[in-house]
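Handing you a structure now.
In order of appearance the chains are A, B, C, D, E and F, and numbering begins at 1 in each one.
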Amino acid sequence: MKKILMILTILTGLFATGWLLAEEPAATPAVCGVAAEPAPAAINTGDTAWILMSTALVMMMTAPGLAMFYGGLVRRKNVLSTMMQSFFLLGLISVQWILWGYSLSFGPDIGHFIGSLKWFALSGVGSAPNPDYAGTIPHNLFMIYQMMFAVITPALITGAFAERIKFSTFAVFSLLWATLVYDPVCHWVWGTGGWLKTMGALDFAGGTVVHISSGISALVFALMIGKRKNYPARPVAPHNMVFTLLGAALLWFGWFGFNAGSALGANELAVTAFIATNTAAATAALVWLFLDWLVIGKPTALGGASGAVAGLVAVTPAAGFVTPMGALGIGILVALVCYLFVSVLKHKFGYDDSLDAFGVHGVGGTVGALATGLFATKMVNAAGNNGLFYGNASLLWTQAIGVIATMAYAAAVTFVLLKILDKVMGLRVKEEEELIGLDITQHKETAYTLVD
Amino acid sequence: MKKILMILTILTGLFATGWLLAEEPAATPAVCGVAAEPAPAAINTGDTAWILMSTALVMMMTAPGLAMFYGGLVRRKNVLSTMMQSFFLLGLISVQWILWGYSLSFGPDIGHFIGSLKWFALSGVGSAPNPDYAGTIPHNLFMIYQMMFAVITPALITGAFAERIKFSTFAVFSLLWATLVYDPVCHWVWGTGGWLKTMGALDFAGGTVVHISSGISALVFALMIGKRKNYPARPVAPHNMVFTLLGAALLWFGWFGFNAGSALGANELAVTAFIATNTAAATAALVWLFLDWLVIGKPTALGGASGAVAGLVAVTPAAGFVTPMGALGIGILVALVCYLFVSVLKHKFGYDDSLDAFGVHGVGGTVGALATGLFATKMVNAAGNNGLFYGNASLLWTQAIGVIATMAYAAAVTFVLLKILDKVMGLRVKEEEELIGLDITQHKETAYTLVD
Amino acid sequence: MKKILMILTILTGLFATGWLLAEEPAATPAVCGVAAEPAPAAINTGDTAWILMSTALVMMMTAPGLAMFYGGLVRRKNVLSTMMQSFFLLGLISVQWILWGYSLSFGPDIGHFIGSLKWFALSGVGSAPNPDYAGTIPHNLFMIYQMMFAVITPALITGAFAERIKFSTFAVFSLLWATLVYDPVCHWVWGTGGWLKTMGALDFAGGTVVHISSGISALVFALMIGKRKNYPARPVAPHNMVFTLLGAALLWFGWFGFNAGSALGANELAVTAFIATNTAAATAALVWLFLDWLVIGKPTALGGASGAVAGLVAVTPAAGFVTPMGALGIGILVALVCYLFVSVLKHKFGYDDSLDAFGVHGVGGTVGALATGLFATKMVNAAGNNGLFYGNASLLWTQAIGVIATMAYAAAVTFVLLKILDKVMGLRVKEEEELIGLDITQHKETAYTLVD
Amino acid sequence: MKLIIAIIQPHKLDEVMDELEKAEIHLKTVSNVLGCGRQKGVTEVYRGVKEAGNLIKKVKLEIAVNDKFVETTIKAISKAAKTGQTGDGKIFVLDLEECYRIRTGEKGSEAIG
Amino acid sequence: MKLIIAIIQPHKLDEVMDELEKAEIHLKTVSNVLGCGRQKGVTEVYRGVKEAGNLIKKVKLEIAVNDKFVETTIKAISKAAKTGQTGDGKIFVLDLEECYRIRTGEKGSEAIG
Amino acid sequence: MKLIIAIIQPHKLDEVMDELEKAEIHLKTVSNVLGCGRQKGVTEVYRGVKEAGNLIKKVKLEIAVNDKFVETTIKAISKAAKTGQTGDGKIFVLDLEECYRIRTGEKGSEAIG
């Protein structure tokens, strides 16, 4: 009953907002109107075409990309629950972002820490380019492009608590986390006035904002929710590796929108980022396969996929600042480090980061952020900076500050959130529900029938 | 034997056409030639890039998008037959469109009702932009972009007769339906001179043309072909929900090409439509999940997917005319109405619209067309109109006429077609074939092996 | 031990290269730098957007496209091994191309036969357009677009030796084949100075370079590695036709990037190629289905998919040179010929081209190359030529020379390579491993679990 | 007590289940199997290659019953599963020595129902 | 020799396997089945349509043992598989006439273990 | 009449089927099972985690035969399924009390073949 009331309230709230704001454009005639407004800065159609497409690509990374990648890795009885988490976030964060997320992240700066609510419900976010962010595409295109980053980031965390989370808790956590962790960190790094941006930390497409913030939160979550029943005594084999490979390939495909799209135009920088992205993914996949060959005697398909994703993660902050050979170096580096974490250290420490959200995104993002401090060069991007290998040690230092600050902040807020949610709603399903599986107990569905 | 002769005739016909027309360009030198023709209106490469990509996206919606979405919902023994219907239409309508479909839909107007056959076999449809339709991209790009809409529309209907249709009847029906229903309705709404267009009915990306026309025909089909054996006594659980979620996500992804592509350029309008599309899909998914939570106690993955698709359907006619908040309102509205139809009313009425082609596309399209009459505003698109909420009641009325006319026409023609086909070829497979499954009986294949 | 040493050496080599070259930009300041360099020829953002996207699409064709298409066709126990071959090549050839592949293929001509190593590690391949290849997009965008062609070509061959190849041999073979076959043939046809290009052979998007070279090599490989155990006595049914249909649809989708992208801009030519591509695929799918209907009594889903792929293959060399009706003719032609090869002749000859790499790509590519000599017309592309049907018999002859030269060269080099590799490493796994399946024996994984 | 094993056509499962319900046989275990018998399956064809179809999808029912129910059970299955065409399947009857209900620990004929 | 067939809840498989190991019953064969019994499954709902859930996923164990192990085996299974709720499953015991080990050609009670 | 149950290596299925055909044993039912025995499976490894592989894919054959065919059947299976390595599997023989052919209503040893 309480639940029903709660839901009704939310529904009514949404309704009201919808209605109310449907009336509002009168108040902001100049911003929403395409025709009404004499576009001051001209929009470049080529740049716009590429960012429209990139937005679609990044959307596709969450679902089906990540949904299939993660879905294949869990057991048959939990696949829908896992996929649905990604799918649900696409809905939830899309609305959150439009209402307040974008404003908090990119709105007018408050104390270098967060954006104001001035752009609530996209008020003031119209077609005219915002030269602070992207001078040649509509401001609201920049907004929705960034939305897809806000969507995928909490989706990455779902890998840490797969197969045991309560759906309702997950929903509430994600909304709070997006608002309290993602939006501020995004503002620090990319928002005009954000303190890390001002300091000169480089994060081309979200190594810190997306991967480190989610990765470290995943670790905290994994520790606080505890291990899956019978883990690690009974290892969980991926129930459908084909889905996982399909997901990995779609992630690679979508990542071109993620990284090359971050050039915010169809320009030389986009091409640079595109090449770096592909090179790092390819290299890391190869190195991971070689490591598999060395360590367990055979190259594994999951190894290839994991390596590719790790490479993509690590090159994310660097993509627009490094040469192809720099990307190759990053690919090698991240494969070595992530392999160590995922295949060795995790088992030493004994936490159950079920699908390696921390091991790949947290660790890979950190490697990438620091590697940017090594491999970045102004020859590739004059708007960037030189890294250690190009004679500038200070960048590495700045990068490290970004990493540490993000880690500390995200971990702390996640910790507090989970403490509270644990009290109020509980994090885990009941043990019996976990054994029976989340699909049937949390969603009243099963993924596969057994007889026709 | 008769069948073989028939097929041979068709093949020969195709051959002959191919040969004949291969000789024809001499007659239309100026239109096909890229270099030969001094392009009068300049083509914008950014707009062209975006519409090329949008065309590919809309193609992908039919297969694999819809094919996977529908394929997962049927039983194991019918999955290939279901997927193949989408795939087959991609082949069939692509050829139909090039030969006569485009000409009937967009060719020179005949009595506000249909296009003439003057553009048969694309004669006269060359690279030079046709400013009636799109002034900055090649005319033949507009042609192939529109082709993908003509392809997916009959594919939507296949949800109504899944698991019992005769393949040959389906093939003939689709060809006739595309020619007799889709092409005229398309002309009414979008063709220069079409009566609904002239009247001022708004249909940005095909709420009426695509979703209402197919949805109402699906209902007629479901009623006339009758229920599946044992329905509803033995409900059919989706045999593979992962495929359905994958399909739903691909539909969402492709819909950006569908709606934002309908701006026919990489411009501000495309961005508006893109945002509206994503917002309505996200909102409707959330609302549907909440309704599930209320009604059956748990949010379901299929509910999330259904909601998203319903949202996408409803925002289709409105995408280029509404604010983001308008899209949010449409998302809420359509989720409520479609939920009612799909989960409650269908079972009351007792027809077997197997995969809810009518419940989602017919109903959702109608909600969208009418909601356009509520939420549309000239502030978003000066070329549009104001809806009821912006003080103009007449638009709602115009929209209603469009809905009713399309419904009446599509239902009537579908009814007559099916009456005839029932006599001539029969609609359903034999009961035993239905029980054994369409894959093996209609296509001599099974989707999955049981031992390696 | 030897193996470990070998791998370590390679790893160190990669490392060293990475490091070394990370230092290198100083030597080539003007080429990598975006800002440093006063771009002489202006880059067109629309063209760039389209080629960025096309590159992503072609990447996606290999994985997940081809990986799913081939993966569904093999047995349950070999699906990962099959998919991984495509995935692995994405890694391997991406690195090969950057280091030396691109230079050999497109670098400064040596004797009309091959490019020099002057562009090793992309030295000299920067953002400035290279008007020899594409005047309106960055040179390095052309480079990475072409990379994706180099990736998919050896991946096509994997269809010939599926279910029995030794993974290590496959890896070495692919690297050598890419270097010794693909790179030279690519240079002949597309490289400035290449002898076939100079001679006037037309190959719009790679009928000769991609499909004939891989198809004929596939045939040689199938003959030399021998049949699968128990073939053809026990036919292998596709273990998951849904995956195969999904893959086929993704290939169709990606092929728009392949063919329309080969216009190297978002221009009229791209649209021409896009339409031709879709038309040929659709027509060939329909014709194949009709043939199925005639020959075995029912249209099959695999038939539709095979027809579509055959149509796409055949239109590849012709896409930018033919009218839509020409494409329709090509679609009919290739379906007839490939049907004959795949369904009849292969079984007559008795070789085990397991997934019809030769039957579809070799044969289809040849049909396409020759049909270009029939259907090409300057009215479509003034930079092309007229074919036989437009009164110029000599083109057909030139095309035939291209086909024969490529076949002879590719077959010969493949033969020698395999002779050597058979001695040094062995081509096949042990019989027992083949029976148990390659997934578990070559990769220590299985694709699917049986109990939750 | 007997253990009855029936191999039937998959598309007859629903009817067999209904008929068993009518006969008050409520408990059973079902699984997928592949049968090799007289029946020539509908031949599958992949790119012109005919799959002899010598392994055909079937459904297996396992039903433990007290002796007096054996005949009813067999009749119910036979009635519903019969089409008269090859491939209808077989019913096997085995002697069942003992039976336990895990939940209660009951055994013998009490446990069976 | 007996052939013991147990139908259990799928999520109890791990525990049952462990308990059998402890009881030194190492050899067994496992498969997926669908059970139809007293237990009402958690109802599945698809677009408002309730799946009665009358076929519920179960796991079947087949264990051939020498006579003296029968009791131990049954106890082990019962202990681990029991939750006390309907659906826990059944154990059936059949007489096993003969048993061969393919690898060695051994037969009888030697072959069983 | 006997019911013969054989658990064999999946990759030996084709050979076993052939050998049974030769021995004129045409009717049988096949299914997928997981075996837990002496055999250590090829260990699977996922991101460094080793799957003990204690449940290994096997194929189960069920063949009902008249008494005089028991030996032939067992020999045929043993011959074709044997590799000499652990994991080759087992053959179990149960007494079969009755057998019905659904299509004809025949029973007993007529029905079996």
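In the analysis below, contacts are C-beta pairs under 8 Å (C-beta built on N, C-alpha and C of every residue); 3 or more make two chains touch, one makes a residue touch a chain.
Please read these numbers as outputs of a predicted model, since none were measured by experiment.
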| item | value |
| --- | --- |
| Chain hops separating subunit F from subunit B, counting only touching neighbours | 1 |
| Centre-of-Cα separation between subunit F and subunit D, whole angstrom | 18 |
| Separation of mean Cα positions, subunit E and subunit B [Å, integer] | 50 |
| In subunit B, residues with contacts to at least two other chains | 44-47, 49-50, 53, 77, 237-238, 240, 266, 296, 298, 300, 302, 437, 444-446, 450-452 |
| Where subunit E touches two or more other chains at once, by residue number | 11, 30-32, 34, 44-46, 55, 57, 83, 94-95 |
| Chain-level touch network, classified as line, ring, star, complete or other | complete |
| Touching residues (chain side subunit D, partner subunit E) in the complex | 3, 17, 26-31, 62, 64, 94-103, 105, 111-112 |
| Contacting residues of subunit A [partner subunit E, same complex] | 230, 234, 432, 435-437, 440-441, 444-446, 450-451 |
| Subunit A-facing residues of subunit F, complex | 44-52 |
| Touch list for subunit A against partner subunit C, complex | 44-47, 49-50, 53, 57, 75-77, 237-242, 245-246, 248-250, 252-253, 256-257, 260, 265-272, 274-275, 278-279, 281-283, 285-287, 289-290, 293-294, 296-302, 304-305, 307-308, 323-326, 328-329, 332, 375, 377-383, 389, 437 |
| Subunit C residues within the subunit E interface of the complex | 450-452 |
